[in-house]
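These notes open a run of structures that come right after.
Each of the next two complexes has chain A plus one other chain: chain B in the first, chain C in the second.
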Partner chain A sequence: MTKQSPLRITYKALAVALLLYALIYGLLAEIPVSPQMGSQLGQSARNLLYHVPNWFAMLVMMGISLYHSIRVLRLTDPDREQTENPLRADIKANESARVGVMFNILGLLTGIIWARVSWNVAKEATSFSAWWGWDPIQTCALIALLIYLAYYLLRNSIEDPEQKAKVSAVYNIFAFMTLIPLFFVIPRILDGLHPTADGGAVLFKKEGMNNLLRTILYPGMIGFILMGVWIYEIRSRATTLRFRWQEWQSNQEYDNSHQS
Partner chain B sequence: MWQELRVLLRKEIMLEWKQKYAFNGLLLYVLSMSIVIALVFRDELNPSNWNLLLWLMLLFAAINAVAKSFLSEKPEQLRYLYTLARPAAIILAKFIYNAGLLALVALLSLGVFAFLGEQHFHDPLAYVGLVLLGSLSLAANLTLVTAISAKAQNQSTLLAVLSFPLIVPLLLMLVRLSDTALTGTGANQGEGFLGFLLVLTVILVGVSVILFPFLWRE
Partner chain C sequence: MNFPISLLQDILFTSDKIYSVLAVVLVVFGAFLFMMIRQDRRLSQMESEMNEKDNPHP
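Let's turn to the complex of A and B:
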């Protein structure tokens, strides 16, 4: 492996700095309490800073996964020159989807907790609806999770590595193409509680979300995305090493068996 | 291309006509489901729930109908087919056949279901249009997923697992739009979403045609 380039060190340092800034300043800064927010939201509005970035980080990771899936298909195309082993691209597609799933689960969990204290305070803590309200965006997030779990099931049910890389890449691209347009339309058809839905809560529109929150939210978002890229890079490098090690081992075995 | 498409479609229809079990099986399924629902609910079913049950029935009919297209053919048969025609023609022929079969089944089951449920439509034309459009987009969605799951083991379980999350958002949308067409209540922004559904179906077919050549090559 090559030495760490300055760019790599910079982005990691930036990730740490931005996350620390979002974490510390996000908890210390004074939260705007507009009359609309009232007692219903109050201090829990800080969760915005730790809930929303997960989704943007997830989208970025899924985008990286899509990119590498397209590369898998291009590299397995016999009409093109093979510049790289398609299995390496498959490792990257797989690992970035995995980090995306991590952000998805984190986003769902932070959302569930937030929904409990802001939308469903009145409900009994033991009832299911106190934690989950089938809000359209919530539902879409759950469906995205199901898609990527299906992606892993598909991967597990194919033996041949090259075939696995290709088939799962096709599913990944197809799923991405079908879902992204729907996720933009469904919150408009079904009424929801999220601030982006028409007729939903207006807490963070215009005055509600003031500059202070913005100055923390956007840097924090970049921090989350950089952290995701960092995790993904470590994971894919580890898996690539393992892959090369196995390749080397099987080559050794092959050589040994032919010598004797 | 046209020639290939015509021959492939003819092959599908001839096969169906010879065996007849897929279409008849679907009809029987739809009929027995309608009877069970009519028996259980009698007059207690309100229009919205009736609508929901119809779409659920169509969903399972669609999965059963489309599952036949790649899963029932042996790998050797498929390989032989791939030497004869271009992959784009094969997937397009499968899609057109699936869409036609689904549309036919959907219309028939709509008729039976409406007759047994004594349903009055606020906007019958829009409702029929939605059912047709729904079967088109379900077929577009399911055809490629069937081809994908045909590549793996435990195919029939995988088909359900892979296709459900892709279909649920579509189904949510169809249920909501057709509910408006049925009862006449709710947001009146149907036309825009109809256009969107049509565009989405075209995109899905396009993506399937692009991706399928990568899938069949071994």
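Let's turn to the complex of A and C:
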């Protein structure tokens, strides 16, 4: 069996430890009801510890996807020496975007439930606005999800693997660029239901959040990101293995046909 | 208030049910981890078999 490097084992163990810490301490710690958090949140304020890390994990996964998409374009450049098969980089770009989409969906779901019990508690459960308030951040997150779902539609519409890799790499670069206005610019311009401090997100502002929550939220964020990297690693290794197997089979068929 | 909001309200706004929530979360997380580790080990084994195929020993 191939031995894993100590770095790989360390990051996986760290992911498990940090997530266990965030889950156990996050659910059992006495939640302070500070003026910033608002007393109407009650125990649901714990959702902050599991809702917010999804978005950071999503951004990291989309960043990894962007990196591999740039590599695809460099590797398919005819003026450069081809050091690696560009399709392998495309597999990594595709799989990391997939994990990013998973975090986006988890972030939206945890947000929808939280919004229902905190912002829209007075509304009837059957009404759409009880679950979805068209808050700018919420809407931008949905737009980001749709942009990345279109990435998969695009991929599935192209049959030639090399062309698919190149076209989807270009699209992926643009998709990542849209995340900057969607997550960092528009929510700061438009007023919404999400809490803000000094016009920005409360997470990293001194007056924005209680220190106890910080001690759970920040390690939890790292745990979510490392777990995302682990899922991505497993998925890309599995797909790369399938790719290698197909390459090996076609090489065998080629050798056999030339021997006979 | 209708289900499932009544249940969510109950869980999210009171602290006495948090141990049940924690138990469910830990069981789900444990099952997920078990699956991840098993998948990881299986992949390592398949990778070494593939390496063997690509570079067979003389």
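One rule holds for everything that comes next: the second predicted complex is superposed on the first by the 232 of 260 C-alpha atoms of A that agree within 3 Å, B and C clash if a C-alpha of one lies under 4 Å from a C-alpha of the other, contacts with A are read in each partner's own complex, and residues count from 1 in each chain.
Definition applied: a contact is a pair of C-beta atoms (placed from the backbone, for glycine too) under 8 Å apart; a residue touches a chain by one contact, two chains touch by 3 or more.
Worth saying up front: this structure is predicted, and the values here are computed from it rather than measured.
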First (chain B), second (chain C), both or neither touched by A:L75: neither
Chain B versus chain C as contact partner of A:R237, first or second or both or neither: second
Chain B versus chain C as contact partner of A:W248, first or second or both or neither: second
Which superposed partner A:V52 touches (first chain B, second chain C, both, neither): neither
Partner chain(s) touched by A:Q163 [first = chain B, second = chain C, both, neither]: first
Partner chain(s) touched by A:I24 [first = chain B, second = chain C, both, neither]: second
Partner chain in contact with A:L108 - chain B first, chain C second, else both or neither: neither
First (chain B), second (chain C), both or neither touched by A:L179: first
Contact footprint of chain A on chain C as seen in their complex: 1-2, 5, 8-9, 11-15, 18, 21-22, 25-26, 29, 33, 36, 39-41, 43-48, 50-51, 53-54
Complex contacts: residues of chain A adjacent to chain B: 73, 76-78, 139-140, 143-144, 146-147, 150, 153-154, 157-159, 163, 166-167, 169-171, 173-175, 177-179, 181-183, 185-186, 189-190
Residue numbers on chain B that touch chain A, as the complex places them: 141, 144-145, 148-149, 151-154, 158, 161-162, 164-166, 168-170, 172-173, 176-177, 187, 193, 196, 200, 203-204, 207-208, 211, 214-215, 217-218
Of chain A, residues touching chain C in the complex: 1-4, 12, 16, 19-20, 23-24, 27-28, 42-44, 46-47, 113, 116-117, 121, 125, 230-231, 234, 237-238, 241, 244-245, 248
